[in-house]
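Each chain carries a letter (A, B, C and D) given by its place in the written order, and its residues are counted from 1.
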Amino acid sequence: MTITNFLLAAAAFVLLMVAIGLARILYGPTDVDRILSVQLIGSGGVAVLLLLSVGLKLPPIMDVALMLGLLATFVSVAFLRDAADSSSVSTSTTEDR
Amino acid sequence: MTLVFACEVVLAGLLVAIATWTIVARTAFAAIVVFMVYGLLLAIVWVALSAVDVALTEAAIGGGVTSIVLLGAASRLRGSKAAVPSVSFPFKITAGVLCAVVSAGLAAVVFSLPDVAPTLAPVAKENLAESGLGNPVAAVLFVFRAHDTLLEKVVLLLALVGVWSLASDSAWGGVPALRVYASPSRILVFLDQILPPIGIMIGIYMFWAGASQPGGAFQGGTILAAMWLLTMMARLQDVPSISARWLRLLLVVGPMAFLAVGLAGFFFADSFLAYPPSISKPLIIVVEATLTLSIGVTLALLVAGPPERLPQQ
Amino acid sequence: MNSAALFGYCGAVLVGLGLYGLITRPEVLRKILAFNVLGSGVFLLFGVFARRGAAAGLGADPVPQALVITGIVVAFSATALVVALLVRLNKETGQVIITSDDPEESGKQGVLP
Amino acid sequence: MRLALDIITVVLISAGGFFFMAGTIGLLRFPDTLTRLHALTKVDNLGLGLIVFGLLAQVESRLDALKVIAIWLLVQMSGAIVSQLIAQATRRLGRQT
């Protein structure tokens, strides 16, 4: 088994683990639980992409990993803004600061 | 090779499962979180299809800003208690059968694709040297099919004009009601002080790298938009009023530069959007730089939505 | 089955799923989501055509890729516009669905504008 | 030398994969949001971290190595902060209900 095959196998394994984890968190029960999935796909996706990038010897894939990490952070911050509001009764009036 | 395929099977299965979840999820918020995961997964699928440029765009726009736009709408609609009519079971079955037929038809098309696929890759590769760029996708976007790209920028601006025109008369020219944190915690403020400088650097890198490897104005611009929105959400920066002159200028500078270079093509090269070969690369870089700025501002304002209150209120 | 075909079938399924959601979910927001899923299925089919057109040392045909990039951006513009329309609709009428203008019809659904 | 590097890679990435698996099992078995967040941070820190260090032995150029480290630092930092924000949101949600 060459090192390339090992890296690709590791990518498949990590992807599978992320898939199982996603299934659990997206199930809920609370919205904050679901936001954990953004974190999971952020770090798991970065791991998979880096493994693929080195395994397939395609350095540009690293940029996708960078993008994924950055955007996952941005999206979690935006989601948390609304999840924290979700149990308050009226959200439509809170938009004026 | 089989290992790569194993990866892809897991990916495809996960993708279909997540897409199904997006459709059947009970609450809108859950559906949107799942859709976000779907967008980021699609980015990995595009990598598997060796379309790294598309992967970057999908992660940035499909996974990032689209879900933020939907999230804004979901949180505004959450307060309303309007009745939602239920859909009868026979109707669902009929729709399901119909959609299965559509899917089966498309699958049959995929199955019966010609063995020798038509491709423009050799032509693009041959003419790549003329464009002065190293990235074939960027060459298609900015040289071979530049009019598409120019019109796409116009579509973005038109969408923004459409969104703004939905403001009520009293709020016209005011400030978009982007939802912000009521009381940002210190750790969030810390994140928003440290991340945007890094993000802006990455955005510029994406645009710069786009000339020779996957990346480009869109991917860079989206990162800039995300960073700007981040600082506005943590209230480190105010949401600008849409009548601000600098804002309007930033919105149009990219498309204007593109159009100007395109018109100059009539005089210095042989047709509209033709670049003189000797300076084609610097011209494209200048156009892309201004476009990156304009795209960043346009995307952020599309997310922020129509103006809802007047400044200084 | 090779990887291009695998994702081709995947794209076909996504189009069907998106269409199903578009037809059966009454809430406009969910229709928009479903429409985005449908769109991504179509883009994926384009990606498959690009992948099959790999030649001249390129991993995929750049022309469909450029079309998909343009498509993603236009899909986003449309989504942003229709979301703004939906928020305005909700502000005016309090609805989250599109009701018929016919008063008898909207009466049947138990909500009046 | 090559062999030594390959062994390091295999060991570190296997350990990283193990933490991805441990994190997923944690997500599946832990009872509430905060404990699931705890499981997820193991994936973020140890899983991704070990994989990144394993990959460092395989990258082609020094520039790629720097990029991998930069991506790791970015994901590490934002992951840590977002985890805190998630925990804060969970507490706020708990108080309101």
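Definition applied: a residue touches a chain if its C-beta (ideal position, glycine included) is under 8 Å from a C-beta of that chain, and two chains touch if they have at least 3 such contacts.
Computed from a predicted structure; not experimentally measured.
Enquirer: Would you mind telling me which chain pair, B-D or B-C, is linked by more contacting C-beta pairs?
Expert: Of B-D and B-C, it is B-C that has more C-beta pairs in contact.
Enquirer: Tell me, please, which chain's centre (mean of its C-alpha atoms) is farthest from the centre of chain A?
Expert: Computed centres place C farthest from chain A.
Enquirer: If you average the CA atoms of chain B and of chain D, how many Å lie between those two points?
Expert: 28
Enquirer: Taking the mean of the CA coordinates per chain, how far is chain B from chain C in Å?
Expert: Here the centre of chain C sits 14 Å away from the centre of chain B.
Enquirer: Roughly how many whole angstrom separate the Cα centroids of chain C and chain D?
Expert: 33
Enquirer: Indicate the whole-number Å distance between the mean C-alpha point of chain A and the mean C-alpha point of chain C.
Expert: Taking the mean C-alpha position of each chain, the two centres sit 22 Å apart.
Enquirer: Would you mind listing the residues of chain D that make contact with two or more other chains?
Expert: 74, 78, 82, 85, 88
Enquirer: When you check chain B against every other chain, which residues touch at least two of them?
Expert: Within chain B, the residues that touch at least two other chains are 4, 74, 76, 80, 188, 191, 195.
Enquirer: Indicate the residues of chain C shared as contacts by at least two other chains.
Expert: In chain C, no residue touches at least two other chains, as defined above.
Enquirer: Provide the full list of chain pairs in touch.
Expert: A-B, A-D, B-C, B-D
Enquirer: Show me the residue ranges of chain C that touch chain B in the complex, using the header's touch definition.
Expert: 2-21, 23-27, 29-30, 32-34, 36-37, 40, 43-45, 47-63, 65-70, 72-81, 83-88, 90, 94-97, 109-111
Enquirer: Per the contact definition, I'd like the list of chain A residues that touch chain B in the complex.
Expert: It is residues 5, 8-9, 11-12, 15-16, 19, 22-23, 26, 28, 31, 34-35, 37-38, 41-42, 45, 48-49, 52, 56, 58-61, 63-64, 66-68, 70-75, 77-79, 81-83, 85-86, 90-97 of chain A that touch chain B.
Enquirer: Would you pull the chain D residues touching chain A in the complex into a rising list?
Expert: Contacts found on chain D: 6, 9-10, 13-14, 16-17, 20-21, 23-24, 27-28, 33, 36-37, 40, 43-44, 47-48, 51-52, 55, 58-60, 64, 67-68, 70-71, 74-75, 78-79, 82-83, 85-86, 88-90, 92-93, 96-97.
Enquirer: Where on chain A is chain D touching in the complex?
Expert: 3, 6-7, 10, 13-14, 17-18, 20-21, 24-25, 30, 32-33, 35-36, 39-40, 42-44, 46-47, 50-51, 54, 57, 59, 62, 65-66, 69-70, 72-73, 76-77, 80, 83-84, 86-88
Enquirer: Inside the complex, what are the residues of chain D that reach chain B?
Expert: Listed in rising order, the residues are 74, 77-78, 81-82, 84-85, 88.
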